[in-house]
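In what follows, subunit A forms one complex with subunit B and a second complex with subunit C.
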Partner chain A sequence: MAVVGTSTKRIDGIEKVTGTAEFTTDIVLPRMIHAKLKRSPYAHAKILGIDTSKAEQMPGVRAVITAADLPDVRLGVLTLDEHLLAHDKTRLVGEPVAAVAADTPEIARAACEQIEVQYEELPPLFDPEEAIRLDPPVVLHEEYEEYEKLLEIADMDERPPNLWQAYRIRHGDMDAAFKKAEDEGGHVIENRYATGYVHTACMEPHGAVAQWSSDGSLTLWAGGQSPYIARDGLAKALDLSPSKVRVIVPFVGGAFGGKLTVKEGAIAAALARKARRPVKIILTRAEDLSATAARTPFIFDIKDAVTKDGILIGRKVTSILWGGGYSGEGILKPIFSTHLYPGSYRLAALWVDSYGVYTNRVSGGALRGYGCAESAWAVETQMDIIARKCDIDAVELRINNLLTEGERTAITMPAHAFSAHECLTKCADAIEWGTPSESLESPWYRGKGIALGNKYSFAPTASSTELKVHEDASCELRTSAVDLGQGAYTILTQIVADEFGIEIDQVKLVTPDTAITPFDHVAGSSRQTFHTGNATRMACDDAKSQIRTLAAPKLEADPDDLDVSGGRIFVKGSPEQSIEVEDLFVVEMLAGKRPADVEVIGKATWEVTASPHDPNTGQGEEPMAYMGHGAQAAEVEVNVETGQVRIRKFVSAIDVGKAMNPQGVEMQNYGGGCMGIGIALHEDMCFDANGEMTNASLMDYKIPSIVEMPLNEYMESIIVEVPHQHGPYGAKGAGEIVVVPTSPAIGNAIYDAIGVRIWDQPLTPEKVLKAWKEKKASGNGSG
Partner chain B sequence: MIDCHYLEPTSVSEACTLLAEHGDGAKVVAGGQSMAILLRNGLSQPSHLISIQHVTGLEDINASNEGVTIGAKVTLNRLSGIGETHPTLRALDDVVSDVADQQIRNFATLGGAICEAHPASDITVALSALHATVKLAGANGERTVPICDFVTGAFATAAGPGELLTEVVVPSFDLASAAAAHRRFALRAGDYPVVGVGAFVSLDGSGNCEDVRVVIGNCSGAPAHAQEAEARLRGNSIVGNNGALAEAGELAAAHVSPADDPMAPSEYKIDLVSVLTREALEEAIARATA
Partner chain C sequence: MKYPLSLTVNDENYDILVEPYHTLMEAIRDGIGLTGTKCACEDGRCGTCTVMVDGQLVKSCLMLGLQANKKSVLTIEGLGAPDDLHPLQAAFLEHGAVQCGYCTPGMLLTAKQLLDENPNPTEEDIRSAFVGNLCRCGVYTHATEAVLSVAGEEEK
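Coming up: the complex of A and B.
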């Protein structure tokens, strides 16, 4: 019976629903103490001195550390620009300056208050357009040139001193495209878009528990997205060999890109080493929201050349990623966001200049959709504007510009398993595209909008798994893939059950522990089903091959003529000639039986390579592992007196190649849609003039509730299945594409309803109302 | 963890004695739904928490000719639907179900919600529009204070040392010719509103406005009467006079100067005052003429 492709129950469901699932915060070790961080109150300041003596003398305090207690190494993803604890300067409010471990969290917090830090305030820099100047008013990293960098950026005559990323695309003749558009009655359409500050705001805040062994090795429990990235980061920060670091990942209460590194865990480890006791650190909600990486804003200037028939012939983009004090996990966003500029469309000319800059705010991190969700806002709003300008239906216009299977995009990504057309048309049908929305009584207006989206999954990357077959024919999968709530454990279990023809409950998972489970890159970039799924199938094949070899003499057959399924090994074509898998594990001895000296462990590594891309042209071969497709549509109701936007109907159609667990995909469609709606309409980190976040609580940071979502019958999930040649069973990931088209679909619907454009996210009631009032005052629309 | 003494009196007089004894350091906790947040954020740092959980006699709802008396410990969930049994409380009923969520409303008390004196509280706005009074018990006996005098600013009340809020009284009015209503705009279900407006109208025999009260929340520290809007309407024809109501809304908006906050800039709050004032008045008139 096929298990893959069916909506089996989540294997972690009972544990999570009954509260027995163990998360980082549940871990309690003997003699464990608690850590708190002393954070900078200034966005930009020199540290002149730190006096920890009062804190150290407090009863119950076991260790206090500052940068002086740590190896002098800078950390980072690709530009190593950040110390674990602020070294000589702080570059954002909330940057950790010192840390305390004490018997209770309360003592640790009180001790932090007793640490005296002498600062010399420096003028802060918040504006990205100031930051990118060649002569900026403030320079954040004076020693930037000396930093270790693992990534080449585009050539520049002179690097603006606050710039940490530059990437160019030079494809086709840009001038000719604009000239053609102007000469032949087409259009040149230029607009500026911006995204907002968004936080992952996971239910589970960041945290870790660190424990040292007497041999100088470290064990860290932390609910993160990658035990191996965490291990290597800890090793680097604490000057250890990675083999001395063991990372165990308990259940994770959401990550969404926000738990790629374990900065707090490394600080806890340093405290644990000094205190010679296990240390737990759990960030408060306010710390989590204000001082861990966020999705920081982009500014996009986009200029399109279009023929009078609505064919896109050229696109020019300049973008700035509004980075924070450190480059962090946002380092690749200015590059990866460019995948949406061609997206699913044919573009004869594409020129892009994409930058990332330092400012004295929270550092840029990953959040579901890494760059694509942001650039889609600009591109897919632009497509709506083009359609209206050319007086062509917005769905038809998009279809007319789509690539076809086998073509390459302007940045050389092959269009494969190209389902954009199917996603778009199914989505359009579901929202009854072409039928105008009903008129409502004043002051409410209804309108519909649609948008297309893509999400790449990055390469190079690799996943390894091991598959042990037990005496009872059950299977044990050892994987460092992480279930963040997306359902990875269930899907991997389904694959093993399917490959071995056994029941789900005959599969056991050994979850991430770098001492036991093999390398897996990361639970990120929608890669777990695709890459770990492939590695799991291959490990199953390896194990089955071992079983066939063991069984061949017993069945007096060639191993290649054997098959393994349902706990039996049989000769292909003659299933009656078979033995049980458990027969392999016993030998006859005298008149009895004893366990045989047999071990069946399949192993596999699935790897996807990528060719380097020239940062000056954006051209290369096979830049990514695969490209996902999806379309979403929204019908909104807008109140022109209050600016309130209600989502009446929402449709999400995504291509997953093969729905490994259809209900799981449906949940991604719904959950992603809800998150996308929150990002589009509600969520916004606010900062005061000193750079401090002013809404760092879940009361003030507006994650929408279920009440703000469309009613069940108006929320539609559509699963498209166009198999990918390299996907396991043809599958692609579903985790991120579901938030990519959401904002532009909603923005376009607002325009359809009341004829105004909001250019910067989120599309809050006050912005909608302001735009409406401006439209009324000027007597026409603004888009 | 909060480091303070936790005392559990069993009567109003014992609670008042403890409050007087511990002075400014003493704070009352009832359902704990406001206090827990104040404590967590360090906005309140009491030396003594006086829990009135075991104080009896503060959980009744009684109606008389003078009005409806509601005990300070009545939970918000018990007030949900109160407008059906006590029609003069419809404006209060308009808001209670919008406060936070079901779990919080199971614990949150009316007295606690008033004494928190949150500038965005819909409850104090609705009660102000209803001309409610609160009864304070103290060492020297009881006193009654109009709610609009009781809430003196953001998180500030007129409760003196040793005083405990025991009851809220909503005075009677003639349901045949008067009514109140509340309208709010929040960014999210369960949130404090960006702006809330309470309105009360009473009509004379010819449909003119005999009395009117418009109270605006979250545009200043305490709920504020929109006196200019009230003056525009008092004595004038208001039934079916949408122009007058819109004008009242605009007058109310013209006389508020709210501060920016992370929920909304001042300018947007002013826009909402205009819309919500008109809507609250429309609803109150509709109820008075129903």
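Coming up: the complex of A and C.
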């Protein structure tokens, strides 16, 4: 009867394969009109004036708004630095400065062109190393000191004026580590790495539909990652009480971190209020790619102290996150990226200085792996370099440096359910590590690479759920967890079916709607299986407890001696003494039976607390909810005449504690690997000298197609199950760890094939070819 | 000014009015109200809007609505019904080839066209067929498995 742990088919699958699943883009309301945004053509400019009169007079135009029509509030995740519509300045190309709602999208677009904005161009700032100077050429946010900030940053003698995040780790004696490495025949290995500009590029573009009721309350349909974050953001942006805002999440066509907030939705809502009509906004692909938050680049300077036997004894890192015009959802990345510096390894000394700066480009947002996927690129390439320098096998070197269960990492995270060793060795076996790749005909070379990774899941956080038991013993789970494609609805349904001993189709899941479903923090940070899963189990327990209490008099037994399963309530040990769940619901209202006796709704909140680490030392209590592990390996084929890299074989081994739905884990392993391959090899947002994205289409911004994937026989998914003490059934999340080791595994494989390192992602044919030619010219490798 | 468009979609006749610049995708979604056909890239790259027109695969964002006058269109809604799935729809579910589901309608119609032309495709044939369908969730491996499973069934 166990449902948890089986590959139950996704419960939202029928709708998705028949085209009946309703996404935000599909919603149509009576009298609904369409919104378009007027965007800044300049990366940095003062707004001197906006004239909307021509646009307002166009037939079919129902409302035009600028910042003047909105409450003067700054928004943001933790540093509130951004207006919904540009106020006095624009800080990136594509920043919305005005918006139009009209009868058709075409009229709205034409009206935007009739809005006249008078700008005074300011010099743009694009280089993060210029931006971080104490005397930068330009300051983006002159009023930064006045902004509301909800997070303390590290102390600095003087804050560089474009800096919005500073975080330090001070663990152990750094100087002693370098001295020991130098004095005792070890190595000091120092390199600079960089990641590229990557976009979530969800197949469903950002959008929303807004409708006001006559009582002044707002309903917004938006395919976002958190209805409650959206609700609170809308309330703040529009100066409403959160209770006046209802957010409904329809089917979501992918999110990957890109749909945490609903800025477009708030603009649509403001237009809808003015027009007194429902308003729909759907971004074009070009807008979606160029003007919604991206995974912006990091620069990592990393210096490792290693003994001659390949034991890591110290690591010093300076990193800069190349933020954009606003801090946005990237605000915590300079902190969360540091989790990978110790990662799964023992480090006696770790010093980190991590910064985030403003530049006049697209704002930094979240993308699957949130900082960890970026820092893994630096760390796991370093591990490969160290292994070669010490002449130790790269898997063995990693194993020699691993923590053991119960130790604390250099950032004070307890190594619990520590599966790095198992992930690594299973992955190595699958790629036949130790057996050199076959030699190919010129100009092709083959090589193998491996990398380890972690993904921490953030805390503090909470999930609440409600579980209603119906007369027919079916169960209804009310949750604000969101299925973005990762399978959350199916897993939560499996949990309810398991807890009540009923069939999957006897469970109904009520999808996110803040008017109905209780608080859940967010579909992010690989957290829903863990946190919402726990809350769901607890709500089931609560409902079952209520049922036992109701059944006890009927069975003449103590509630504690009863059990509920398969639609029956029975006395433990004597299953023949039982009643049906439906027997509880015989309403004899006229006989004086109160309705309260017949409403069974279990409720639960699961909460994980954590206190922020000291931003000056990176030390404190347990900083995160849990630590996930995974390893990936790739075998690549490199063409040294063209620089082309093909992935021949790909292995992903991740620890999920307990595979709630093994096929779902396999889907994450393959799907995450697919995205990781794109990020490693070819995804690259390009910008011109004015800061405008030049490849804002799916034709030119190249996400992986089937061509980039290995043949099916060369794709391998490995599930490791080391149960977590607090996970439901021992489970941990799977959604992000699957992209963390991908890039370094591929980069290390390229080195194995042709002996060159490329330090900055993506590893394009141009870069591979250039590195190969340089190697040939110098007569040796560059790594 | 809108022009009359007369077409058959999933064996039902429709007479609607469309702007001359409206694509077939817009005619199907906005004119007829069948929203299973999705829009994601607007330039023909991603394949989410794939439909069949007179038996041929068409990216409906690249065809004007009026070009489909008097033609017969098959959309995802016509491939199968929730209580009567086409074997490909069932196979996509069975093999885990569906994640967020936004690209799924286009991939299914692409797969149908492939099997119509080549009932027993190899993995390479399937990869060639899916070249024009992007999926950000990365279901490619599972979608290939799903199509292969249906192809095998024809043989049995």
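One rule holds in what follows: the second predicted complex is superposed on the first by the 772 of 783 C-alpha atoms of A that agree within 3 Å, B and C clash if a C-alpha of one lies under 4 Å from a C-alpha of the other, contacts with A are read in each partner's own complex, and residues count from 1 in each chain.
Keep in mind that, in the parts below, a contact is a pair of C-beta atoms (placed from the backbone, for glycine too) under 8 Å apart; a residue touches a chain by one contact, two chains touch by 3 or more.
The structure displayed is predicted, hence computed values, not measured ones.
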One more residue to check, A:S611. First (subunit B), second (subunit C), both or neither? neither
Should A:V707 be classified as contacting the first partner (subunit B), the second (subunit C), both, or neither? both
With both structures placed on chain A, which of the two partners, subunit B or subunit C, ends up touching more residues of subunit A? C
Partner chain in contact with A:A21 - subunit B first, subunit C second, else both or neither: second
Mind working out whether A:G485 is in touch with subunit B, subunit C, both or neither, as first, second, both or neither? second
Using the superposition on chain A described above, determine whether A:S53 touches subunit B (first), subunit C (second), both, or neither. neither
Could you tell me if A:S243 is touching subunit B, subunit C, both of them or neither one (first, second, both, neither)? neither
Going through subunit A, the residues touched by subunit B and also by subunit C turn out to be 106, 699, 704-705, 707
Could you pull out which subunit A residues touch subunit B in their complex? 104, 106, 641-644, 682, 686, 694-695, 699-700, 702, 704-705, 707-708, 764-766, 769-770
Complex interface listing, subunit C residues touching subunit A: 19, 21, 29, 33-46, 48, 75-77, 79-82, 85, 89-90, 92-94, 96, 98-105, 108, 123, 127, 130-131, 133-145
For a test of understanding, state which residues of subunit A touch subunit C in their complex under the given definition. 7, 9-10, 12-23, 25-26, 28, 106, 200-205, 251-254, 256, 284-285, 484-487, 663-664, 666-667, 670-675, 697-699, 703-707, 709, 711-712, 715
Can you tell me which positions in subunit B touch subunit A when the two form their complex? 1, 3, 37, 185, 187-191, 262-265, 267-268, 271-272, 275
